[in-house]
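Data block below; observations after.
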Amino acid sequence: MQTHPKKRLELIIEAPALNRLLDILDKQEVSGYTVMPVLAGRGRQGRWSRDGLVGMAGQMLMVVCVTSDHRVPALLEAVSKFLARQIGIVAISDVEVIRTEHF
Amino acid sequence: MQTHPKKRLELIIEAPALNRLLDILDKQEVSGYTVMPVLAGRGRQGRWSRDGLVGMAGQMLMVVCVTSDHRVPALLEAVSKFLARQIGIVAISDVEVIRTEHF
Amino acid sequence: MQTHPKKRLELIIEAPALNRLLDILDKQEVSGYTVMPVLAGRGRQGRWSRDGLVGMAGQMLMVVCVTSDHRVPALLEAVSKFLARQIGIVAISDVEVIRTEHF
Amino acid sequence: MSPIDLALANILSPMVLFFALGLAAALARSDLTVPEQVAKFLALYLMMSIGFKGGVEVAKTGLTARMVWVMVAGGALSLFIPVLAYGILRRISKLSAIDSAAIAAHYGSISVVTFVAGTQAVAALGLPYEGYMVALAAVMETPAIVSALLLAHRGAVRDGADVSSQESTSALMKEIALNASVVILVGSFIIGWITGPSGLARIAPFIVDPFFGILCLFLLDMGLVAGRGMREGLKHLSWPVLAFGFVMPLISAVIATVVAWPLGLSLGGTALFITLAASASYIAVPAAMRLALPEARPSIYLTLSLGVTFPFNLTIGIPLYLALAALVAAR
Amino acid sequence: MSPIDLALANILSPMVLFFALGLAAALARSDLTVPEQVAKFLALYLMMSIGFKGGVEVAKTGLTARMVWVMVAGGALSLFIPVLAYGILRRISKLSAIDSAAIAAHYGSISVVTFVAGTQAVAALGLPYEGYMVALAAVMETPAIVSALLLAHRGAVRDGADVSSQESTSALMKEIALNASVVILVGSFIIGWITGPSGLARIAPFIVDPFFGILCLFLLDMGLVAGRGMREGLKHLSWPVLAFGFVMPLISAVIATVVAWPLGLSLGGTALFITLAASASYIAVPAAMRLALPEARPSIYLTLSLGVTFPFNLTIGIPLYLALAALVAAR
Amino acid sequence: MSPIDLALANILSPMVLFFALGLAAALARSDLTVPEQVAKFLALYLMMSIGFKGGVEVAKTGLTARMVWVMVAGGALSLFIPVLAYGILRRISKLSAIDSAAIAAHYGSISVVTFVAGTQAVAALGLPYEGYMVALAAVMETPAIVSALLLAHRGAVRDGADVSSQESTSALMKEIALNASVVILVGSFIIGWITGPSGLARIAPFIVDPFFGILCLFLLDMGLVAGRGMREGLKHLSWPVLAFGFVMPLISAVIATVVAWPLGLSLGGTALFITLAASASYIAVPAAMRLALPEARPSIYLTLSLGVTFPFNLTIGIPLYLALAALVAAR
């Protein structure tokens, strides 16, 4: 079966900044994204866990976005500028999809 | 440490269709899969979020399946036929595992 | 934009063993990790789902860890020794990140 | 009370006001939410409670022939209303046969929350109602889906579209018949019937006393969900389809009023009978449609049922159905 | 009441009927569920409530020497029952030493929900019971794990198997001693003790009045979980092991009856003492076993404890233990 | 009662004891948790309940000029306290302008849970309070953020730091003004006002009777969260900053006492006025700070507000504020 190469961005981002990040993705005209819950983690700011939180501050979320290679440079530019001030990381990997027109 | 190449399928699928998808995976005799919750997303059908839903319709889920390369063609065939009618996407990537007999 | 190659470890692990796994990651001095919820799955031990569980036993979780290549061998050694006795799998893939000093 | 007084009293009741609060908050893009699992729990609670109380009522009165007739009449309405709805939609809108059939299924089936709100409106007037109306809610949930699938099939064949489903209809029907709301409604009904008033006495501080308050909180969530659905979805509805969302419940209500006439139900029971017919599903049927008619667009049927008809029924519909019931109910 | 009347009254109580509803729904593959976090909350509520009420009772009666003896007797049972269970399993089944020891740990420990159901059965007969029985539940939770680990070690060495654990036993014991259910039970017990009846008066509309109803809802969930566990798990149990799940609680009950004799507990207290001994853990112990004895198979110990012994105790066991208690209780 | 008796009675009340239980469990690393969604639901419930009851009180008494003055005074305090807090922090600690401003925002804003605990302490003494104090809580939530942003800007410019935000302040203010707690508090307040005592009568078994018990359970969770926050966070606080967490509420309280004097509030109302001023936000403000001042460190402001000031207010603060109120309240 024919597959097509795309890029998969995985962003882990603090919850209060989520809507701003999604606005950035929207502006970059990616075809879609998916937001997933996160239970706990550790980073340079130390361990955290939902159980130790009340409210959104400190809570992280994951955003997965599959997109075409040609969008990646501008997208990374915008995302990395954003992440310079907010808590979060991004990792990019190669994936194959079956319906290229979807992305 | 010795590792073995495998494929990782990541499926994002509408919740009402989950059990049908898992049946397909079972029939393809993959060794396992994992279902994960999704909070929100955007696609061609627009933005959605759990908060705007009541009931399963509209809710998405993620299914992760690590499997051997030789299973992928038949698996993709079956999955893409299924996804032609249901809401969902699939992305395939390369991974390495440590216990090949597990997959 | 300049990116840097890293490894992404994805571990699916039974919930009662989570803290032990995180201790192992801490000891290997990875810069961070993220724990995500899992709803259901199938493996050699058969299908399970949160709805069929009471308590932690049987529940799985996902741990995602992005780290430098040079840490991977020791990390895999430790993780695979641990997974020999607990229920779980690990898959490693290549990713690119933007801030190498973060990992 | 005049119908207008009824409507006013209903609209100014805490339950409708909390619904309005949720609606307003969602439209203003507030981040207020009722956590998903809690909302599911509140729904479970409401169904467990009305199921149980219905069963206890039946334990008191025993089985009657009327009960059977009411179930038959309700089941027939659930089967027939989709045919009518489908015909109307095909005439007034440009929707495909499949979209039309999917919508029709929603209007033949019922909304438990609308029913529960109806019981509270009836109770606020001090009117009793037959306990088995709860069982009727369960009975009316699924037949509409069967009708709609037949309609979709016939219509699609005529249109030349493909609805050859990978789904076996019998597997789907079994799934729907065992869906969560049917099981908890019928199960609690039977338990209430078995344990009777003495069982109720032990469990009442949980399922009776806080009922109205929990309904208010649940309707706050329904308002939030409906409001968010409106924000995303209303743009997908053409004017005729939008109008359908207001008019169809009224048509169903009038038919149900006529059907209820010979049944000899109490005033409260008749009002609930009409309310069930006029209500539209937004949980069980949408999920079933995603499997049986995946080509039908949820942005249309869900928005219509949840974003238009549900708020309409909750605010204006229920008092109207009470007024209709007063015309034909036994006294 | 005769034992048979007792059993019938128990089985037709709303709490057992809701459990049966859950069981039936799960076996019929209905999609009914109680959301996970809500189920955890209901469990928390039940433990907070019985803990608090127990503490208030003790605040009224004060400390007695009997209380100490009851704790010692219960702790001893929790230590000893695993030895017996292990011996039986090794004799009647082909299970490995490690599997047998893991199962044994479950039967030495206790099930809080079985205990709570017991308190309601006792209350339904109008019998009082000693408030500190709640503390006993906490006391009996962990010793069984110690016994089982020793048994596993000895047995495995004899079998030539490897159980050299990466786990430090003391770290594990600390974790178990501070597990959620022990902390909330004991904590609420102490708070109830400190605040006494005046504290109870303020909090009663929450922790007393809806208690029975919430227990019903929780047992609906337990039925669903047990049913799903059965569906997946029963095939993993050989006949002797399955039989063990029914017989072991009876053996523990008989032993507990003898031990309870000299303790001079009330009829209600004696019944609960026996119930605790006969109940098997399915939350704390399985999690501990995954760490301490990861080679033991959860498909066996969890299915046995949750899918066999729990339903048995809830339906038939509790009335039986009441009858046993009547033989030896102080009056 | 003397202030010391007051403090003792407060500390030995079930609500504070459950908080202490949570704190102890978290510090001992127990795995006890209140599920996240349930905790959110409990918070929603508490706000819905005090909002509604407040509205019903206002429905009884009607609008008064005093109500307006109280709102003005409270809003002014919320604007002014951050200026003071900022000045103190800059003087006593080495925190940056941005960190100091972020902390200051928390202390100008309010904690609804502290307020709710205050209402229960007041109620335990049989004191009534003005229903519109609930609206005051909503009014005082946001102005502090405005002050703090101005301070941060001025301070950062002086320090040569960059706070050029990508955020439009007006978008942020709108988001904060529509945050969940403001919407549910004000919404329920208005619904209570509209439906008045007759609405309350129908909903009371849900929102009034179990209120205190639910507060206890919620405070158990607050204790767990605060304890976990302490464990991770206290190491980030220097001694002067830690001291600030205890002293700042007292300073705010004294100022609020003086401001309350001419307002002519009842004793209960005055105590709550002071409590609001002395309380520090840990939900709405931290989330806002992550957007408006992302350079400010949450490990500092959250730990201080939730891990230091909240426990202080709950245990010692509230009785103290009652004693202060007794000096100036109208009688």
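As written, the chain order gives the labels A, B, C, D, E and F, with residue 1 at the start of each chain.
Note that contacts are C-beta pairs under 8 Å (C-beta built on N, C-alpha and C of every residue); 3 or more make two chains touch, one makes a residue touch a chain.
What you are looking at is a predicted structure, and each value in this text was computed from that prediction instead of being measured.
Engineer: If every step must land on a chain the current one touches, say how few steps get you from chain C to chain D.
Structural biologist: Shortest path length, in steps: 2.
Engineer: State which chains count as neighbours of chain A and simultaneously of chain D.
Structural biologist: Looking at chain D and chain A together, the chains touching each of them are B, F.
Engineer: Taking shared residue numbers divided by all residue numbers at the interface, is the value for chain D and chain F over half (same) or under half (different)?
Structural biologist: Answer different: the two copies use largely distinct residue numbers here.
Engineer: Let me have the rounded angstrom distance from the C-alpha centre of chain C over to the C-alpha centre of chain F, please.
Structural biologist: Distance between chain centres: 39 Å.
Engineer: With centres defined as the mean C-alpha position, give me the chain C-chain E separation in Å.
Structural biologist: Centres of chain C and chain E (C-alpha means) sit 34 Å apart.
Engineer: Can you list every residue of chain E that touches 2 or more other chains, as numbers and ranges?
Structural biologist: 33, 35-38, 209-210
Engineer: Chain A: which residues touch two or more other chains?
Structural biologist: In chain A, 36-37, 49, 93-94 touch at least two other chains.
Engineer: Which word fits how the chains touch one another: line, ring, star, complete or other?
Structural biologist: Looks like something else, not a line, ring, star or complete graph.
Engineer: Judged by the touch rule stated earlier, which pairs of chains are there in contact?
Structural biologist: So, checking each combination of chains, I get A-B, A-C, A-F, B-C, B-D, C-E, D-E, D-F, E-F as the touching pairs.
Engineer: Taking the touch rule as given, give the residues of chain B at its contact with chain C in the complex, in rising order.
Structural biologist: Checking each residue of chain B against chain C gives 1, 3, 6, 8, 22, 25-26, 31-37, 61, 64, 66, 93-99, 102.
Engineer: What does chain C use to touch chain B in their complex?
Structural biologist: 10, 12, 36-44, 49, 60, 62, 73, 76-77, 79-80, 83, 89-94
Engineer: Going by the contact rule at the top, pick out the chain F residues touching chain E in the complex.
Structural biologist: Checking each residue of chain F against chain E gives 12-14, 17-18, 21, 24-25, 28-38, 124, 209-214, 216-217, 220.
Engineer: For a test of understanding, state which residues of chain A touch chain F in their complex under the given definition.
Structural biologist: 14-17, 20, 45-58, 82, 85-87
Engineer: Could you please specify the touching residues of chain F with respect to chain A in the complex?
Structural biologist: Of all residues in chain F, those touching chain A are 26, 33, 36, 39, 166, 222, 224-225, 228-229, 231-232, 282-284, 286-291, 294-295, 298-299, 302, 306.
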